[in-house]
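Letters A, B and C mark the chains as written, and numbering starts fresh at 1 in each.
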Amino acid sequence: MRKGISVAILTAGILAGVGQLPAMAAGGEVVSMRRLTEQEYRNSIGDIFGKDIVVQGVFEPGKRIGGLIEASAAILSVTPVGFDSYSKMADSIAVQATSEKARDRLISCKPGSASQPDDACAAQTFNHYGRMLFRRPLTSDELQSRVKLAANMTKASGSFYTGLRYGLASLLQSSNFLFRVEVAVPRDNGYTLDAYSRAARLSYLFWNTTPDAELLKAAQTNALDTSAGIATQVDRLMASPRLDTGMRAFFSDMLQLDNFDNVSKDSLLYPKWSVQLAAAAREETLRTAITLALHENGDMRELMTTPKTYINRNLAAIYGVPFDFDADWVPLTFTPQQGRSGIVTQISMLSMFSHPGRSSPTERGVALMDIFLCEPTPTPPANVDFSAVNNTDGPLKTVRERLMAHATNPACASCHTHSDPIGLSLEGFDTIGRPRSTENGKLIDVSATIQGKSFVGAQGLGRFLHDNPKYPACVARKLYSYAKGVDSEDVKAREFKAATKAFGDSGYRMRSLLKDMTQSDEFFHAEPPLAAAKTTKLASQ
Amino acid sequence: MKLDRRFLLRGTCQGALAVMGLPFLDCFLDNKGQALAATGKRIPTRFNTFFYGLGLTKSLWVPKGAGRNYETTEQLKPLEAFKQKMNVFSGSRVMIDDNPNFQHWSGVGASATGMSPSKNGQFDSKTIDQTIADVISRGARFKSIAAACAGDPKQSYSSLGGPNNLPAEASPLSLYTRLFGSGFQDPSRTDWKPNPEIMLQQSVLSVVAEDRKRVTQRLGASDQARLDQYFTSVRESEQQIAAELKRPDIEAKVEIPTAPEEMTVNSALPNMRKVLPLMARLGALALATDQTRVFNLSISEPGSQMFVPGDPLGYHQSTHEEPLDPVLAYQPRVARYNVYSMELFAAFLKELDAIQEGDGTLLDHSLVYGFTDVAFAKIHALDGIPVLIAGSASGRMKTGHHIVGEGSPVSRVGLTVQKAMGLSVDSWGGGSMETKSPYTELMA
Amino acid sequence: MILQKHLLAFSSATAILACLSQPAASAPWVRGFVVGTYEPAFRYGGRTGYARAGEIEPGSDCIHGNTIHFSNSEQIRRALSFQPWRSPEEIKIVSTLPGLEQAKTPDQARFMIWDRAMSYRGWRHGIETYINPFAAQDPGQPEVVSRIGDGFNLDGKIGAHDFVSPDGEKGIDNALYRAWGCDAPWRGNGNATLDMRSNDKMQEGLYTMVIRISGNQDPMNDKDATLEIGYSPDKIVKDARGIVTTDFSYRIAKTAQYTKMKARVANGVVETEQVAELHAPRIAWFYDHAGDAEFHQGRIRLAIDADGNAKGVIGGYRSWRDIYAQNTFAQDGGQQGVREHEDGVALYYALRRNADGMRDSKTGQNMGISTAYRITAAAAYVVDASKPAEITALAPEEKRREAYLRIVNNMKKATTTRIVQDVTPGTSEGAYPNMERDITGLPIADYLLKTLDRPHFDDPPGPQASK
């Protein structure tokens, strides 16, 4: 009896302590709810509970909006099927975290009795993990309901750790974990993200994971409300090798490398294509981008022209070079004669935007315009006769000839002249990215004219993109939209204008872009939807 | 193309426009992802495996065309009645990496675990049925059940990894006793008791659902709608669990038969033809009455000892001894044995398809993963190891396809299966067979 | 000037053309290959398109068709009757196996009984005659009768029994073909069972054999070229059709098994010098019997096609006892007998009879037999390893390899000293204790346990029932 009371008092003290931390500043509004992507979820769990926790279950798919999957995270919800899976994953993670093997490492307090409820230890545990999972302190209500749940479960099962398990599971399937809830508070004349939302936005951008202890502390001490405080954290995040993880996620999204899961090739015509090759091609592109952007602090325009890449044994067989086995991945520099130009001519880009049995200048052109120049192409009208384009038995041997015949139709021409030239300049590479000089026995013409500029072949295209100011502006636009989780087509250029300028001034260094962008006022600026809605409502009344 | 966020949220299930919108995903799954019985109760999706030894004859089983409407081949003819409820996978490969090439075992391990085994006769990790059972078997009495039609309890290809396979019931009687003997609660009886684990899960969900009251922030309309959807999903889960707390309301009109008699259970084909339908029916009844959701049936060891009485060689020996017919370019006697395996497979599917429940049959609400040990038994070749899948997993897997694997690892089939069963991560398998590419054309 | 104009006209395609240009003549060149198929060069003499289903195909090589041993009761009966110590009752029971259908797995039981019985064909009880084949009577093996054969003139002579190559070259030494070319699992028109099986296992990673040819003149014609052959630690890569892929890279391991030879290239055909010792991997389908083949007076010929792939022959004298061991103890002698229908004892005598090289000066016996093996090879990059490349051993299989080596040692000791050797433990030789396991339930089980010999290991000698 006596013991029961003392526990209750202790718990009350802890709960009171929590209660003092405001979950959010007054007048806060939710400006965005971003459903965790699979990778964000996995990285977060790995950082909070350790890498040996197995995460297995379905993640609901995203959808590319404005060129980015990340933008859809802010408009997708959780379906019943998805919740079912999240719920099971939550339980499975909680079971592992409270298992005998893991509890010494993960549960910092010991219960008075392993078979009795211990509210103090439960509260301590939920406080700790709740803050990590919700990326903010729990409210006292949120905490108390878990402590109560754990106590009940302990009584029902006769085990304190079973109680903890169910409490943790309830945190892991909460909307506050599954969504990154971004809250904005009024400041000056507008709204800006509160400190904890800032911490999460920075952490997921730079490391693609949940904020670490230091970021949470910076949020708690209001350090993230000052530009100096932000600069300190940004510098720290950028100095870490974990920046690779964050930027891999960005480049993977921007370069649409998730598409690779659906790429398949005609095995009779292209028997060298394999799932291993596809995986390697994706990795090659990410390595190239990360090395240039982060390890060499290079000029990002060179991504379009660099002769340097990284290959494994599979890729060497496609590029037609010997592989020396020094490591699983080794650097390779193409000779000018090989006709390669940056990631534009990597197997990933060439094969992803092609048909199974042949290359597609149109698909390649449309994709590259969208990815690198932020110029999407409208979808074709429904009533198009494609027979001329598809007939390879007729007199029109090369795809250029066939496309030209097709483009005499004025309805098609406007778009085809927009994107086809880019694709036609890449015709020196087949649908799996091997060089070729003829198509159906006829020599391929790889010259192109676009926006008044003429060039020849992939290297000409690479140079054209390198020199095109729209390309770095597009990188800045995509990065900004990715970080904020918005449709890149809705973003106004002025929002990231300063960052784009700094990008150019630095000689197009990715690190400068990242640093300048995250320190601008616009980066944390938010439009409060509720306030806007209210205004509209009032107006309509 | 520009996608307007507000438009997307307005999208409904009926309009064609909604196909481009995002809530489409939800209604899609509501309609197809979960079979709903007439009562509105969700019918669980079940998983089965069917193992047969010694593969098939390539020139006689691989259909010529790919995709839908392929032409049925000689060796798939016994399964013709189920053609529209099946998928056929040819051209799969087993990569053995640095493990030994165990004749008659490497293929079994690869098909069942997605990785080539490092020890003969052992699985290096959980077999696919157990991985699936981890997720789908909550609430069922048995996590999984295995039965061996040739009478050897060792003929089970279900394992948690390591030296011990989960033993199979080796006669119809022992299978019956396990399922419907002591401990069996007839769902039609009033003194039925729920699984206590489920009650605990329910309490967790109510805490999660209560979080809704604690939302202190103000939300915009669209985010409010998304949060509503999340809590709707939580509620659905709660309802599902509540349903599991009640006496199972079995959709299928089935009666539990009396115990079968003792009978000879061995590798002789006439006996197998008697035993298999009995075992298959008991398995189907166990699935229909939710005693288990995972049923594994095998008809042989990997180098199948099946024999037709009077045949001096039997199946396994025939694969080695019978020469390739110079005209036919295959082994005629082996080819007949291949067909016997397929006939037994068809007999299994027939039992599953005979039980009506809700909007379809038990087979429609199942997946059956049919696998074997080799592609070409004469030389123990693994290239082109066949995989046959039946059932549509309650509409989550498109059926009627012939998928040409083109040398991709056999683990892709397993990954596809797991996705269709509503679980799994983005990758499955190990070594060179680790894959992130399911056959997306089959994902409904 | 005209040339320049010509070039300008094609300027748009120059970048593409440049990378396809061939190396000029009189420049260093290298060509690499990974071996994709590797089979004994047994020339098939059957008629193509011969169409009588299920029959054994005769041909100019084997006029009575393939030899098929131990495939039915009659063949077993005949083999048993060679042993004078077997009673008529035993011969009848073992060959007809009354009540066999009462075994749980009749096929397996029959197989094991015959495996056991055929492993003991000595002049007295208790001699395992795959390890001691000299103690069994020669069952006979029809030889290849054709005059045409593939291979090399290894001894530089044109002997009376030598083959003539399809190109008309006389003096071809390929006595292995004569001795063993009519054996069923090795004979076929591209579909010989053990050819298919060993090729499949090689392609699946049992071992990788690579060849590299280099020179300084012209890849099609070079008087001073070099050919290297060796193992690679890198697995063979197959494409989506299941065919060995071209253009992959493979390290060549410069171990004791690596051989470097001088060669000449004429019109794309590479001919090496004859070297005293040529190492290559040997044909195998299990890890335990895989390993090196040592060719004495070895040579290689390779014809390179327009796509850069190659076909050719490796030849030389090999120890005929090695060949016997590698074939017979792939699993165990009885399994090769009853499962593949070849008789190891017949092989032993056929090899000994046809041995034509590596004469032992002390005994005057020929220790070797002339051989030729055909290979096909896919274009590959064969590279030197920057770090020593080793062929990794498969730890779980090493025990079996040791057991294999022990049994081979005993066989060699037995056949050279003519002192009967025991079965070594660790292999399935003599189907022990597999037969004991599989005959449970047979009405003749007790009779067989009392009557048939079995390996003894630690037990006291003599026929006896096992536990």
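Criterion: a residue touches a chain if its C-beta (ideal position, glycine included) is under 8 Å from a C-beta of that chain, and two chains touch if they have at least 3 such contacts.
None of these values were measured; they are calculated from a predicted model.
Chain centres here are C-alpha means, and the one lying farthest from subunit B is C.
The innermost chain, defined by the distance from its C-alpha mean to the mean of all protein C-alpha atoms, is B. Separating the centre of subunit B from that of subunit C, both taken as means of CA atoms, is a distance of 42 Å. One inter-chain figure worth recording: subunit A and subunit C are separated by 55 Å, centre to centre, where each centre is the mean of the chain's CA atoms.
Between subunit A and subunit B, the centres computed from C-alpha atoms are 34 Å apart. Contact with two or more other chains is made by residues 239-241 of subunit C.
The multi-chain contact residues of subunit B, meaning those touching 2 or more other chains, are 91, 406-408. In subunit A, the positions touching at least two other chains are 267, 271, 274.
Partner subunit B is touched in their complex by these residues of subunit A: 23-24, 28-33, 38, 55-61, 63, 65-66, 72, 75-85, 87-88, 91, 139, 141-142, 145-146, 149, 152-153, 156-157, 162, 166, 169-170, 173-176, 178-179, 181, 183, 261-262, 264, 267, 271, 274-276, 278-279, 376, 378-379, 487, 489, 528-530, 532-533. Contact residues on subunit C toward subunit B in their complex (touch as defined above): 50-57, 66, 71-72, 101, 104-108, 110-111, 184, 188, 191, 193, 196-197, 200-201, 204-206, 235, 238-242, 285, 287, 339-341, 392, 394, 396-397. For subunit B in complex with subunit A, the touching residues are 1-3, 5, 8-9, 22, 25-26, 29-30, 33-34, 91, 131, 134-135, 138, 196, 199-201, 203-205, 207-208, 210-211, 214, 216-223, 225-227, 229-234, 236-237, 240, 404, 406-409, 412, 419, 422-426, 432, 435-437, 440.
Residue ranges of subunit B in contact with subunit C, taken from their complex: 91, 93, 96-101, 118-120, 151, 266-268, 305, 307, 309, 312-317, 320-321, 323-329, 332, 376, 378-384, 406-408.
On subunit A, the positions that touch subunit C within their shared complex are 267-268, 270-274, 313, 316-318, 320-326, 337-339, 428, 435-437, 443-447, 456-459.
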